[in-house]
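First chain A sits with chain B, and in the next complex the same chain sits with chain C.
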Partner chain A sequence: MLQEQELKTFVEGTTNYFEVAAQQPASIGSPYLTEGSPSVHDYTGVINISGKREGFVYFTAPKAMLTVLLMKMQENDFSHETMRDLVGEVANTISGNARRDFGRDFVISVPSVLAGERPEIPQKPGARSFVIPINWRSHSAKLIVSLT
Partner chain B sequence: MNAASGKVMKDSGKKSFKLMIVDDSNIMRRRIERSNQLDELELVGTASNGLEAIEMFKKMDPDVVTMDLTMPQMDGIECISKLVVMKPAVRILVISALADKATAVEAMEKGANGFLNKPFTDRQLNEAIADLMR
Partner chain C sequence: MNVAGADRNRQLVTVGIGAMLTLVMGAVLILGFRLATQMRASVTGLQTASMLQTYPDAISQQLNSLRDRLEARAYAGQALADLKVTVKRFDEELEQLGSGGYLQSAELDQALLLWHQYSPVVQPVVNFTGQAYVDSDDAGSAFSKEGRVHYADVKRAQLFATENARRLQQQLATVATTLQQSSSDGAARLRTLLLSGVLAALVLAGAAAYFQVTRARHERAAKEAQEQTRDILKTVREGFFLLDADYNIGTVWSEALTRMFSRQDFAGLGFEDLLKDLVPPNTLSTAMKYIKLLWGERAHENLMKSINPLGQLEITMDNGHGGKETRYLQFDFHRVMGPKGIKHVLCAVGDITSSVLLAKELQESQESANAQLDMMLGMMHVDPLQLNSFLDTTETGLQLINAILKEPARADSEFRKKLNGLFRELHSIKGEASALNLMSIAHRVHSLEDMVSDLKKKAELSGNDFLPMVLKLDDLMAHLRGVREMASRLTALKDTAPAAAAVTAAATVAPARAAKQAAANEQRAQLGKSGDDLSPTLHSMAERLAHDHHKRFRLTINGFADVPSSYVATVKDCVIQMLRNSAVHGIEARETRKAHTKDDVGVVRVDFRKSGDGYELVFEDDGAGISPDALKAAAVRKQIITQEEAAGMDTRAAMALIFRPGFSTQEEVSMDAGRGVGMDVVARSVYALGGKIGVSTNPGKFTRFKIVLPAAEAASSTAVA
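Up next is the complex of A and B:
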């Protein structure tokens, strides 16, 4: 289960990502706890966490938001593959940045990506997830942190 | 070709360094390529993991490498170790999301010359590469 300070690490990492990579800050909603598989958007980047903590970090976003994010990054390829690449990279960056506070024993995997209707979200039995709502321009996305 | 320095000469006679970009994300590779505003750098190859990077390195003999750390098949730390054995004078800038000090220290001990955390601005990238080439 995440402590308040640990949750703050992910909130700050998310804020920093949009501020620097998208050059436009996101507003972060109040984080909340959820049980079972959380609902996701069109594309979801998944980072498997091992080491001193175990679980997952997901970044999930709708295609429309990812398209605008790619435009802000001067990209001109908006293919399915690029959308997958982007959600994986966002999840990887926020998870990797969290090692500033968690230390190097917070081991992150290379990203895997889920897309399409009702993808199966990996979840440890009985695990509860913190959902961090992200509002950027007119779009909404989520960072989901599920750690034991 | 100036064999002593490993630099190549462009038609203009201006000295140029050969750049290789290693990152498992296409978006990041294109971003680094687009952001590079240094006239002295000529992109000679890209790779999406450490194994590909070693093959590309053998073919293109770059002078400057940007290196991601978290990659499939062979990670950046192992790749750095192998590249510096092949060419001790190579300049390597690690560009990674991993933000803990221990990882930065390990990368530098293996032979990296600089470390830039993701996400980064164009300005931060260009300053980091310029620092690397000084």
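Up next is the complex of A and C:
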């Protein structure tokens, strides 16, 4: 069973990114559970985890939120590639945080990025996911933790 | 004997041999010097004595010569001068021999005595300075007056010499012989001494060489032992070190410590410094007190082991990736005794992280297996239809809870709004689980209720506060899935047994009987959907409540067969809640009942009947009743009403307090009471069906709840409306 501290590690990894990169902290909304393939926004960073836990961690954000985030970061390039890179960077921060806290117990992959209208989200069959809304300014992204 | 002691002894032996060698050589030198000095004196004395032997004859001859010359009136000056020299030398050398201390002998004393007689005789001769002759023309040379005296002295001396010269010479010869003997003896002693000295030196040198060889062998062995110790300390998986009286680590330690503590500066490091960044202050303080106790001479080692606070120490340290990780270390202490008491404390540290985690997993697995077994045993007593109905209802309830959580929230008020809804759903699920005696589910829901209660008390709510709850919800959902799987297996098992029996009986049982059995099963299935099916569940719950709260009461249920299917859930929820209240608050303890001359077994009656167009549910217990004052006091205590409001309340208003959300007279929350949501939920569900609820009581005698429900069709239309 996933532990509270493990969930917090992923959450902190995400909120810290906003605090450091955009100088504006993100807060988390009301967490809930979802079954089956989770619904995602425009851009999704995926981390594959194996070892003590098996599964995926996703950070998914809408384009509007990423655009504002890039603006806050003094970035002028709002291309598709930049959006992908940004989501990848958030996922990378989350995986770095996880590596720091979990050490050798977890094997954490290099993040991959999915984009498009209906991306094929990797999912373990029958797994329930924790969905943690990440609220930043008026926008909302999602951190999805699907580990068994 | 230990290595250090043996080394010290070897050093002492080496020093002893060196000292003895020095002493022997010193003694040989001193004695040899003394003997050589004596020998030299003896040789000198011998030379003198040998020389002196010739003098008596020479003096005698010189006296003869002097006498002859005087008689011939010849020149005697030279002869006298020679005699003077000889006498003077003899006198001096004899005196020197006598006073030189070379020899103490009677012969020398006699020679000295004889010379002391001889000397006065010869001295007038040698002291003569006048003219011995006078010359005249007529008589030629003749003795002068003093010459005659001189001549007489010479003759007397010559006569004495003739008589004593030989004796004096013999005495001096004896002295010389004695001195020669002494000299030979001295030489022999010196030879013996030198030989002894050389032998002693050789023996001591041999001993020293032997000890050097032994020492080299021991040093080689010690070096090998050191290498072996180093190899052991390098390889062993436990951390070993010694603590001194100041609680500092010694200079030798096993390399495993480096891995365990991620540091290398152990030599001289204080035990407190080793742990201070790894453990909480109170643990550190306890550990240091224990270490101090270990140094107490009177502390019993086995007793000390039993109170070791570091038997399983949880430490947090760097995981090598910039983060922290938790490890479990086991410290074991042994006192190292020396001749003067405790010398060191040997500390053995083992990394027991794997075994602790394994034990935890094992315990969890055991608990899970036990829980599953309990649950399975509990489920065996529950009707499968009822169980499935419960699982469906619960699953729906949990989905509703998840839907409440899913509602977007950013502000405190939005988060807080969720709590009451969550509470009601959870309480309802718990009540039903408890009624079916599915305690593994009831306990999980209870712990979720605890979380909601804690959140209600928090000043400011955020999404972070809901993370533990969503984890618990996930656990509950997974557990529910397990229960469902188990229920399916049990159902399959139950279905298989009658089928097998039916095959065996097929040849003998008439087809008519089989048809009757099928009809009975059908009827049972139909009953499962009615309120009659609730009775076993409620009786089972009553038994559990009586057991858990140490009460005795009898539950009587009437008319539940008439409960319309659309009312079953509400009736069940209401009766469950009221039954809990009766068990916790209503029915008194056996002693109290006896003191009030009541039957020691309480009575709880539940009657469901048609009443006019609708239905009536009456729930009554013969317990302590409800005191309006007690209700008001509890409401004030829980800050539901103020003191002033309480004072202005009549009995009716006070009794209505039990339907207020959050009201409970119980201070401590338990599985069955204390949250103050029970009667609130009952009232809400009754009102939702368009019904009414009332309460009447007589303190010390009874409490009666009367629920009036409309006709089932009317209720459906009310619900839709």
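Here is the rule we use: the second predicted complex is superposed on the first by the 146 of 148 C-alpha atoms of A that agree within 3 Å, B and C clash if a C-alpha of one lies under 4 Å from a C-alpha of the other, contacts with A are read in each partner's own complex, and residues count from 1 in each chain.
By our rule, a residue touches a chain if its C-beta (ideal position, glycine included) is under 8 Å from a C-beta of that chain, and two chains touch if they have at least 3 such contacts.
In this text, all values refer to a predicted model and were calculated from it rather than measured experimentally.
Judged by the touch definition given at the top, the superposed model places A:G29 against chain C, while chain B stays out of reach. Once the two complexes are laid over each other on the shared chain, residue contacts for A:R99 go to chain B and to chain C alike. In the superposition on chain A, A:V11 makes contact with chain C only, not with chain B. Of the two partner chains placed around the shared chain by superposition, chain C is the only one that A:P133 touches, whereas chain B remains out of contact.
Contacts of A:E89 after superposition on the shared chain: chain B is touched, whereas chain C is not. For the contact definition in use here, the residues of chain A common to its chain B contact set and its chain C contact set are 99-100, 102-104. Chain A contributes residues 16-17, 20-21, 70, 73-75, 77, 81-82, 85-86, 88-89, 92-100, 102-104, 106, 108-110 to its touches with chain B in the complex. Considering their complex, residues 24-28, 30-31, 34, 70-72, 96-100, 102-103, 117-121 of chain B touch chain A.
Contacts from chain A toward chain C in the complex involve residues 1-4, 7-8, 11, 27-33, 99-104, 128, 130-133, 135, 140.
For chain C in complex with chain A, the residues that touch the partner chain are 319-325, 402, 405-410, 414-415, 418, 462-464, 466-468, 470-471, 473-475, 477-478.
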